[in-house]
């Protein structure tokens, strides 16, 4: 069994099993705690909890202009690499095929050259993010090991993906194997670090959305 | 009480006679009890983006990274991961998350109490929707259990337990009301056995702002309402809500709700106090343990109803004014339109501050900070943010609807010899009742 | 046919022009990525070289490699190749059989000790003492070891000889292994493919004859000249890949337009071979040109890498059960963690209120 077979087979197999295990473990470990829902009466005319939850999820997509002064870079750069990752992960045809193989659903992709360009932008944006984290006094103070591991786990697939498509550094099948291995590492780390926010943000925002909607307060 | 400093020179206070281990365990247990699904989801969701720093008046005013809101939760978060989170058994087994040390708790007292007004502006900045202010309030519960709260908050706790109010013994309440009635020439209702409206008060109104007691009475009387103050349940400011004493919070909640029920009141009117609104309007059911058969409204909502219903008419003041939005009333209470409606009926043109409404900057004294003398230096720094905004808005008058904000801003103005009076919306209405 | 004659002599006798030799030399030089000036030297040494003695051993194989070599050549090239070598033993092609055949092999080995080349097609079974494939009373293993002992080099032709191939596919009932796994003390040149490209075999032999040495090999023992690039990199459909234009099935619009076959399982990106440049049947076509994706037949274990029609970027089959088990364990652990935390909270509440009550 060569490296690529190992990556496409046992490594991914293991990673996805750990991903499923860790994600459900963490989500249920949170959501099965007591909810404490005894609440004072809602403000008259307040929206339903469901629409408050939805509103919370949507409103938090965009920061208030009042916080732009100090948070502009975080906001813009965050958007760049999140969108970049989304485009590269979900609109590159080989990735779509991977997803189709797992879940049976697919959609049209973008030309590979576009993906390469977006990949480069994403990599640059991720480097800017880590540079910011390592230099900003606030971020240095609040950062944990998790933040650095999560960054590495996110950056490696982008880097190995770019190397693979540009055939730099090693043979293509080695690079693609390393790419798949880095994705496997990403999946393994995902449930145990802050990458989990990709799922948790829905709950976190919705809960605050409901709390604020109940009070008729603006989020 | 003992005032101490950590080896790093951070001042903290200690209460009660406990060993260090007991103190730490008490904090831990207090923390762990807080972690329901919502607190847990919020503890888990942080991505350390640092956006909350930009929202905190203490960080913005001082540039001190430690004041980044999420950083104020460190020991609370550590307790969560070690004892309540999904991976807690693993973290404990492998020692990935160590126990919180008592030194850390002592050091964080400053961040949890002195450097947070529970204003919740960080909650609006957090892209993950983490309600940081709520978490800090919950963290205070464990800190209280461990006897690790600032001295002044402990003092108010003791006084409130003894007197039923931090300002005055319950026995003296009726006298104070009647004296205010005489002083301002208003008919007062105290301890009536039955009334539709139970009116409650805030500590400052029992000492510095006694005119407010008369102002409410004046409006109630003008409207011809059935109302009363009541010695058994008059104190709306809930110290337990601020200092983490949940037993006291429950006791104070029950006292006013039970009194309202006893006298058959349909409406419980809260004074111009922000935290009273948070405690009685939004948390009462939790501490009361179920539905509350009384409508709870803030003075500002009462005024809005009064002017909108046409039951009182107001003289027009031809002036401009800026409104300071009390955090617990506006940002965390949803009462944004009411004060502006009332100002509109007074013929006042509102010149909004740069940050207003739900994004208004905190006065810097909420959450018990104004009572905590240790926090004075940063409180004054935060005040400067507000002062700048008020000056930039350039309105004739500066109005708010929270006694605590008013005291904080007045103290700030005095400190900087700033010649701007901070006015009460209630007083403004009462003074301009038309015949 | 005397072995003292040179290749040039024989070609001349057969009426092959000097020009034809030059032409082949030029082709070989270019195929092996040698400088243009090398072609003249090749032509000269080819003409002057003695015919190379070759012993061809067939083990666990299907004769497809021999078919490929003998049938697909253009006549002139076939001539060329068989004139380059003296094929002293080849079970399929030789006229003699039985003891006479064995003697031919032993004679060639004796006469050309240390100079003959062994070509192997087919894998070697090792399980159960190699009983699954034997001839002349000897297992393939014995024959190989005996023949390889005094050889100059071994050329493993086809994926079976090079990497175990189809006999070695799971569950590999005969314990088939490649030649390279047995012969460690001689140069082994792998020319994989199922079958390999005839020109790659011929070119390698010609190089051996001309230069008397083994060409540059990659890490899998393949001549870099023929196995240096992936099919994907040299594929004429590559621009469609870059533009994101893919056939989704074998008879859709994309397939008719000749778009990239990645989505229908083409393994071109990870397959190193010369199909896209040399092509087959004398340069007529190759699988992708004929509308079918590359199946990666020249790569080790291509038979065990999932369906030929499964896209390369997908995971290997058989993942569902593990993920389901992981999910089930996750549910159990999550519920367990929440239960423990709740129990802890209840215990702490009771302790605290007891203490406070006391």
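For clarity, chains are labelled A, B and C in written order, and residue numbers in each chain start from 1.
The rule is short, and it goes like this: contacts are C-beta pairs under 8 Å (C-beta built on N, C-alpha and C of every residue); 3 or more make two chains touch, one makes a residue touch a chain.
Please read all numbers here as calculations on a predicted model, not as lab measurements.
S.K.: Does A-B or B-C have the larger number of C-beta pairs in contact?
M.R.: A-B
S.K.: Among the chains, which is located farthest from chain C on the basis of C-alpha centroids?
M.R.: B
S.K.: Name the chain with the Cα centroid closest to the overall protein Cα centroid.
M.R.: A
S.K.: Suppose each chain is reduced to the average of its Cα coordinates; what separation in Å results between chain A and chain C?
M.R.: Centre-to-centre distance between chain A and chain C: 41 Å.
S.K.: So what's the Cα centroid distance for chain A and chain B, whole Å?
M.R.: 37
S.K.: Need the CA-centroid distance for the pair chain B / chain C, whole Å please.
M.R.: Those two chain centres are 77 Å apart.
S.K.: Can you tell me which residues of chain A touch two or more of the remaining chains?
M.R.: As it turns out, chain A has residues touching two or more other chains at 25-26, 28-34.
S.K.: Give me the residues of chain B that touch two or more other chains.
M.R.: Each of 35, 84-87 in chain B touches at least two other chains.
S.K.: Using the touch rule from the top of the page, what residues of chain C touch 2 or more other chains?
M.R.: 333-334, 337-338, 341, 345
S.K.: Quick check: in the complex, which residue numbers of chain C touch chain B?
M.R.: 333-334, 337-338, 340-341, 344-345, 348-349, 351-352, 356
S.K.: For chain A, which residues are in contact with chain C within the complex?
M.R.: Where chain A meets chain C, its residues are 1-2, 4-5, 8-9, 12-14, 16-34, 93-95, 97-98, 100-102, 109-114, 167, 172-173, 176.
S.K.: Can you name the residues of chain B that touch chain C in the complex?
M.R.: Residues 26, 29-30, 32-33, 35, 83-89, 145, 247 of chain B touch chain C in their complex.
S.K.: In the complex formed with chain B, which residues of chain A make contact?
M.R.: So the residues of chain A in touch with chain B come to 25-26, 28-36, 38-41, 43, 46, 56-57, 60, 63-64, 66-67, 69-71, 74-75, 78, 133, 136-144, 147, 192, 194, 196-197, 200-201, 203-209, 211-212, 215-219.
S.K.: Enumerate the contact residues on chain C facing chain A in the complex.
M.R.: 230, 232-233, 241-244, 246, 262-263, 269-270, 300-301, 304-306, 310-316, 318-319, 322-327, 329-331, 333-335, 337-339, 341-342, 345
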